[in-house]
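The chains carry the letters A, B, C, D, E and F, assigned in the order they are written, with residues numbered from 1 in each.
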Amino acid sequence: MGVVVQNIERADAAVIAGLAECGVATVHEAQGRKGLLASYMRPIYSGARIAASAVTISAPPCDNWMIHVAVEQVKPGDVIVLAPTSPSDAGYFGELLATSLRARGCAGLVIEAGVRDIRELTEMQFPVWSKAVCAQGTVKATLGSVNVPIVCAGAAIDPGDVIVADDDGVCVVRRAEAPAVLEAAKKRLANEEAKRARFASGELGLDIYDMRPKLAAMGLKYV
Amino acid sequence: MGVVVQNIERADAAVIAGLAECGVATVHEAQGRKGLLASYMRPIYSGARIAASAVTISAPPCDNWMIHVAVEQVKPGDVIVLAPTSPSDAGYFGELLATSLRARGCAGLVIEAGVRDIRELTEMQFPVWSKAVCAQGTVKATLGSVNVPIVCAGAAIDPGDVIVADDDGVCVVRRAEAPAVLEAAKKRLANEEAKRARFASGELGLDIYDMRPKLAAMGLKYV
Amino acid sequence: MGVVVQNIERADAAVIAGLAECGVATVHEAQGRKGLLASYMRPIYSGARIAASAVTISAPPCDNWMIHVAVEQVKPGDVIVLAPTSPSDAGYFGELLATSLRARGCAGLVIEAGVRDIRELTEMQFPVWSKAVCAQGTVKATLGSVNVPIVCAGAAIDPGDVIVADDDGVCVVRRAEAPAVLEAAKKRLANEEAKRARFASGELGLDIYDMRPKLAAMGLKYV
Amino acid sequence: MGVVVQNIERADAAVIAGLAECGVATVHEAQGRKGLLASYMRPIYSGARIAASAVTISAPPCDNWMIHVAVEQVKPGDVIVLAPTSPSDAGYFGELLATSLRARGCAGLVIEAGVRDIRELTEMQFPVWSKAVCAQGTVKATLGSVNVPIVCAGAAIDPGDVIVADDDGVCVVRRAEAPAVLEAAKKRLANEEAKRARFASGELGLDIYDMRPKLAAMGLKYV
Amino acid sequence: MGVVVQNIERADAAVIAGLAECGVATVHEAQGRKGLLASYMRPIYSGARIAASAVTISAPPCDNWMIHVAVEQVKPGDVIVLAPTSPSDAGYFGELLATSLRARGCAGLVIEAGVRDIRELTEMQFPVWSKAVCAQGTVKATLGSVNVPIVCAGAAIDPGDVIVADDDGVCVVRRAEAPAVLEAAKKRLANEEAKRARFASGELGLDIYDMRPKLAAMGLKYV
Amino acid sequence: MGVVVQNIERADAAVIAGLAECGVATVHEAQGRKGLLASYMRPIYSGARIAASAVTISAPPCDNWMIHVAVEQVKPGDVIVLAPTSPSDAGYFGELLATSLRARGCAGLVIEAGVRDIRELTEMQFPVWSKAVCAQGTVKATLGSVNVPIVCAGAAIDPGDVIVADDDGVCVVRRAEAPAVLEAAKKRLANEEAKRARFASGELGLDIYDMRPKLAAMGLKYV
């Protein structure tokens, strides 16, 4: 505890931008169904969609001091990802800190704890994915660490990993794997685009994917 | 497991349309306060309101294969109702399957599990009531059944039963009881319409329902 | 049980109006981080923000009779606060009762139980904070009490206390403490206003609050 | 509501006794993995194991009147199964009612609600599987029904169905299917008995079930 | 925050001892079904049964400093009741503090948070009712208060109120009401004793309580 | 997916044995309050206390095939730690697999999912910490991996890390850190031993830890 890592490596900006366009569900599939954060991580308003490099925070329960420390480490386009060392629903984050982060070009916040000032954050369109909404404040009394490996909502996250988040939840992509995941995601989208037209014309998945023989072989009975 | 019932009976289309206009709370009252699914079944966006005949699916946990099988059984105006045989929050359903269902005239989905592509489903205005939002995908490996009796979110549902769903949740009406329930619901609405005007004018429920004598008899004290 | 207290004292209307403008998070901080209701108390739609004098109800589980009794006790600007004597998610409240309350000038409802008619309540813009949305109805069979002290969602509330509620949740301010809390909240807001401009210009909290020496003294290491 | 069915059919006593010896996990497997109640149904003390014919109760929330009505319908060896019409954790059942049920030869209670007098029930060794322990009492004010079909903890149960319950939870076996399920369960146990000796001697499941070729075919890599 | 009230009044020792013999369910009924703490407050081992005067603690989240302050205020036979000002499952309490409390004659602990050293506490037979078991430790950094009014697990508790706790949960009796509640509880027990013999002999509650005419009048049908 | 790592390094046996004696709460404190698994991981019976090297499993939801694969990798004294790739409460594990593991000298199981055969596992005294008890079975259809890094109940675990588990929950100690953590834990125990005697003699923590000046400096008031 009590360490701030100042220089972290980030994925290529074009790769990150590409992942943002793909969205969580596609990226999650494209990397082999790993990296998803727990489904209790929900957006505070609908419609936000980001991809960004993670600046991580390991914070004590009910103590948001380290967010102030982390702001200084944020580069434009980064997202802050905070995991408490013990479960807490307290409101670590509100509109003043969002103003500070926006001034630094921060893309959003992912936090396995509570946030407040929901109305103001929505008006600002500052994207947040959190475990809870709670007006209970926090203290600034104990050290945590910035840019160390964390486990957030059940997923292991290293600083500089790419976070993809939208209305479906939050997914982490390992920095080194980001280019390959983007390639796989694009292929998946292209494949889906072709499928979509066939589905829209009324064709059945049973035929598009040639499922009937396999279903029959497994014993499916039509009565 | 592994059975698809191809011909199911449905309630009269006019009755179903009538139930849609009444809404969940009224229909639930009108049929004697039964048939409500558990309150964790929530719409993925606000404002949808449907009534439709149930095409039921009993599906293995984390396996959405049977949805493809069920699509072929859907007639225009039907709703798919899926219950997993073991609890699962995985994302069984997304935008591609919704495209397929819309092409078949499907009215929506009720699923005691997870869904994904929330943004796209909202843009399409394809109504879904689910237990969870989760980007985690599913497999296509094990057989389930289509159009068999199921228990979904604590309610017993037979194929062809009428599902009523809106922002208040989801309610099932037995097919054979649907005409009588609609009659009762219409009476209830007419009765409420008269009451609404009196309430709006400032009259009290205490007087409208003549509650004062009964309250006094039970010993209510004003101090 | 079975008591209706007819005359309760209320806080000054100007003080109440002032607290509404401050919002839950600020008021909660201003009164020393006490009085917050449990975070499962959520608004049924986004954007509502009220402060009002509490007309309290202690109600039996699954029985909404006392709401009708309480309506008569409501003065313009009051909010009804209902706590069941045993946990219940049933739908105590819907559009008809909201019509009645609106006719009396009621500002909203806070209820540690369920509500229904969400679509209609949203169209009316009648603000409700509840523990659940549930179409399950209630009975009118057993007495409760109106304007007695209650514990609602973990907070002790006396009749006439000021309830502040918005998208962040619900907070109670003791009637006698309301003027002092408003003063403290205003100071807090003024202080935040000054801070906001500095944050927006890119200044860091580390410098605004002079945190660097204390962090160094506690052993924070930059690597 | 308000119906008591007095004559119900029960499964053969020897079949019921046989199912008791098999236990929940084996019976659940033997009938094709159906009929399990939700896993929040837990025994109030460890070690009880029963099988019995269900006398069902559909009860109003927080109202235990119908248990008194049901006691008269109990025959020696029956189990009472209670589902509330709306969720309730209240304590419907305690030591006095257990004394009454024991005098009638009742085998136990399965209740999707709360119970109390845990210490006394444990001393009596009266088996109970419940959703909650809660000292909150109930009223006797509203009618329910006895021996009608119910949905309890997510499972559909008809009067006279066989309930199997132990430390693993609760499972329902359809009355008509009970003899066949017992046969299947016995075969399963005999098969497991042979396997158990091989496992105990250190043989691996990989070899006992000849899994290695299939694992290799699916691509499992040893590194 | 930051106040220790040193002199509190306690109920009569004989009254407290009497309430301990009655148990939670009986006491709760005897005082009109009020004062029960939420049912998530569970004993860490089975069989403990106490009644004691409350020494209350309002503690910051994840901070157990005030327990040390409270120990000095404990008189033989008291129970400590701790409510955090924000939800916390951290382990505030373990075997060392139990050793300290036992040396002071303390009867037990009721805590709406976590405890640890379960094995050692069970061996010592030091009774604890808690919301969670969690090995996560706490800090000693922020002031709270001792012997101030608190809300614990949804119940309002004043210092010196009588806490009754057993395997059914925890109930609070107002100090001033304790003698009357004990009288009512004793009457209830005597009444139950007479009923118990009748139930044990096979008599039905339907007859003991003369319920048949009322059930018939409400329309109960036997078929 | 689909990888079995056959050779993993383990911590020194004497170090592991030493950690077992220290217990979860002490070890967790000794390593700086990190490594604790979520508090929903509970033992299936009271009194078990182990420390062991982790053989890890990343398993598909509702599929226990990889446990059979992992058995072969277990050396005497190891513990199996299983995390599903998607949440599942299904019963992955029962008495037959426990028989197989015991024959291999396995010390126990930690599983973020369900188990069954609780009665038999308790009789065998085979220690299990799980998220759920559930009789629902699993399939053997999809590959997972053995001895890869996993996230289990919120904690990152590498194969060969030391798992410490008892009635307080489960904690992981990094293999490389185990000797240092044991040293710190022993010091902590020795320190506590000295403190325990002082507490038992009635001395106060306020004096033992010299807290009074700091409390006074922070403004604690005695009234």
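Assorted remarks:
Criterion: contacts are C-beta pairs under 8 Å (C-beta built on N, C-alpha and C of every residue); 3 or more make two chains touch, one makes a residue touch a chain.
Just so we're clear, the structure is a prediction, and the values are computed from it rather than from any experiment.
Looking at chain B and chain C, the chains in contact with each of them are A, D.
Chain pairs B-F and B-D differ in how many C-beta pairs they share in contact, with the greater number at B-F. If you match contact pairs by residue number, over half of those in B-C turn up again in just one of B-F, A-C or C-E, and that pair is A-C.
Taking shared numbers over all numbers used, the chain D to chain F interface scores under half, which places it in the different class. Centre to centre, using the average C-alpha position, chain A and chain B are separated by 31 Å.
Centroid to centroid, with C-alpha atoms defining each point, chain C and chain F lie 42 Å apart.
Note: centroid distance chain A to chain E, computed from Cα atoms, is 43 Å. Multi-chain contact residues of chain E, defined as those touching 2 or more other chains: 33, 86-87, 89, 136. If you check each pair of chains against the touch rule, the ones that pass are A-B, A-C, A-E, A-F, B-C, B-D, B-F, C-D, C-E, D-E, D-F, E-F. Touching chain E in their complex are the following residues of chain A: 60-62, 86-90, 136, 139, 141-142. Those residues of chain B whose C-beta lies close enough to touch chain D in the complex are 1, 32-34, 85-86, 149, 151, 154-156.
Residues 23-25, 28-29, 33, 36, 39, 42, 46-47, 49, 166-169, 171, 192, 195-196, 199-206, 209, 211, 215, 218-223 of chain F are the ones touching chain E in the complex.
Across the interface of their complex, chain B is touched by residues 2-6, 45, 65, 68-69, 71-72, 89, 91, 94, 96-97, 99-100, 102-104, 114, 116-119, 122, 132-137, 140, 143 of chain C.
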